[in-house]
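The letters A, B, C and D name the chains in turn, as written, and every chain counts its residues from 1.
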Amino acid sequence: MVSHTSYIRVRYAETDAMQVAHHATYPIWFEVGRGELMHELGLPYTEIEAQGFYLMLVNLEVKYRSSARYDDLLRLETRVGELKTRSMSFEYTLHSGDTLVATGTTWHVATDKQYRPRTLPEEVIARLRSE
Amino acid sequence: MVSHTSYIRVRYAETDAMQVAHHATYPIWFEVGRGELMHELGLPYTEIEAQGFYLMLVNLEVKYRSSARYDDLLRLETRVGELKTRSMSFEYTLHSGDTLVATGTTWHVATDKQYRPRTLPEEVIARLRSE
Amino acid sequence: MVSHTSYIRVRYAETDAMQVAHHATYPIWFEVGRGELMHELGLPYTEIEAQGFYLMLVNLEVKYRSSARYDDLLRLETRVGELKTRSMSFEYTLHSGDTLVATGTTWHVATDKQYRPRTLPEEVIARLRSE
Amino acid sequence: MVSHTSYIRVRYAETDAMQVAHHATYPIWFEVGRGELMHELGLPYTEIEAQGFYLMLVNLEVKYRSSARYDDLLRLETRVGELKTRSMSFEYTLHSGDTLVATGTTWHVATDKQYRPRTLPEEVIARLRSE
């Protein structure tokens, strides 16, 4: 399945009083990784929305393994996980240098703009399945 | 002019590695105060948007006077400042107990949903001017 | 086990271009619920930190069931889940009126301020177990 | 005075229900620009904190000129503005392509970790003044 590597520098605003990146920032980084992966596939998310689709996030799991600090340069690998005609998952691995910071998974359902389930276009599925 | 007092408890996610509330959180709190003021006037922002208007924020100023910490209960006073047919300002004063935490001002322009300037309905102006 | 009900109004800043609350906001709301539950138990998180402990979040799961929109008043129920001497979980149920918006679970490990695992004080465990 | 150009891609989480980047995100981007400028000067903010200083933000102004949307690649120019022994300002200009999105200024006071005003080390001032 397709994968993509993103580089993310921890922002000061993303830290909290424990002096590490706040846990709610991780799903935002995962979304950045997902967006870059879609770009690389020639399927920018703006394009998917322009075609009348949302990829609604329905499920999120994060395992936090080590802290990330201000100014750390993180390496995020995003992979397509399961892929069905109306749903899919993405898997994330986040490192700081050699240290595993977190892993995560998001599950998504394809919907129209009224949030009704829809089948993803053939072409979108083909690209997500490529390589 | 109209004013409203809101109470806001500092969230852990709003703190940063200096162990105080991050400065970018203040405009979010001001927006909460503005929203509650509009509610009190019987002009919830959802209603203004439903009538086809945005109150686009065009200018923001914040003076930070003292830090706010996790779990502090802040008292935010929001007042209507200048009021014209197509623009307006709100003024904010934020306290923690007797300590002044910050003051701020936001300026807004009324637009339609294509972001073109519009005149606010008479009734909206009348309510903002009330008392 | 102990539980607590919080009320949270969706902020404009928490919405995204899909016009619903962004999914990364939910763990922030869960943290608010957790903080209020700890307050109610007489164990405010500031007190736990003052005693030299962190409750490091190590695992997060969220199931999104329905969208939340700007200005919705959400009802969040937070419960203590599993409780061990060095770790614990909290469970969350989020409603908007009668509609289930999301459920979630967070797992935490007690550490000292150098992030080394520690046993929670007897008294803290007793209070979390109460009722 | 010193300046630095940063490139920032608008995250989905940074948009709001108006389908543009939320105004409270701009100070976070400015902070990114400031951080990169300090890096370029060989004065990473982590180093300044390690030397026992904070650059407390005391004043913020933003003028919003045009909207930014999801996935836009923004160009942020950060410049040192005023520079005194205990305070300084940074100025920001944000573009999307040729369109001016916003300008802003932040003012900072040098403090120790108990938030008492301090004079910045000669070397720090020299570097900020360089070029």
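Everything below uses one rule, namely that a contact is a pair of C-beta atoms (placed from the backbone, for glycine too) under 8 Å apart; a residue touches a chain by one contact, two chains touch by 3 or more.
None of the values given here were measured: they were computed from a predicted structure.
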Request  = Determine, using the mean of C-alpha atoms as each chain's centre, which chain is farthest from chain B.
outcome  = A
Query = Count the touching C-beta pairs: is B-D or C-D ahead?
reply = B-D
Request  = Could you put a whole-Å number on the gap between the CA centroids of chain B and chain C?
outcome  = 27
Remark   = Expressed in whole Å, how far the mean CA point of chain C lies from that of chain D is 33
Request  = Return the distance between the CA-based centres of chain B and chain D, expressed in whole Å.
outcome  = 23
Inquiry  = By the touch rule stated above, which residues of chain C touch at least two different other chains?
reply    = 12-13, 24, 28, 31, 70
Task = Give every residue of chain B touching chain D within the complex, in rising order.
result = 18, 23-25, 27-28, 31, 54, 56-64, 67, 115
Ask   = Tell me, which parts of chain B touch chain A in their complex?
value = 12-13, 15-17, 19-20, 22, 24, 69-70
Query = Given the complex with chain B, which residues does chain C contribute to the contact?
reply = 9, 11-13, 28, 31-32, 35, 44-46, 70-71
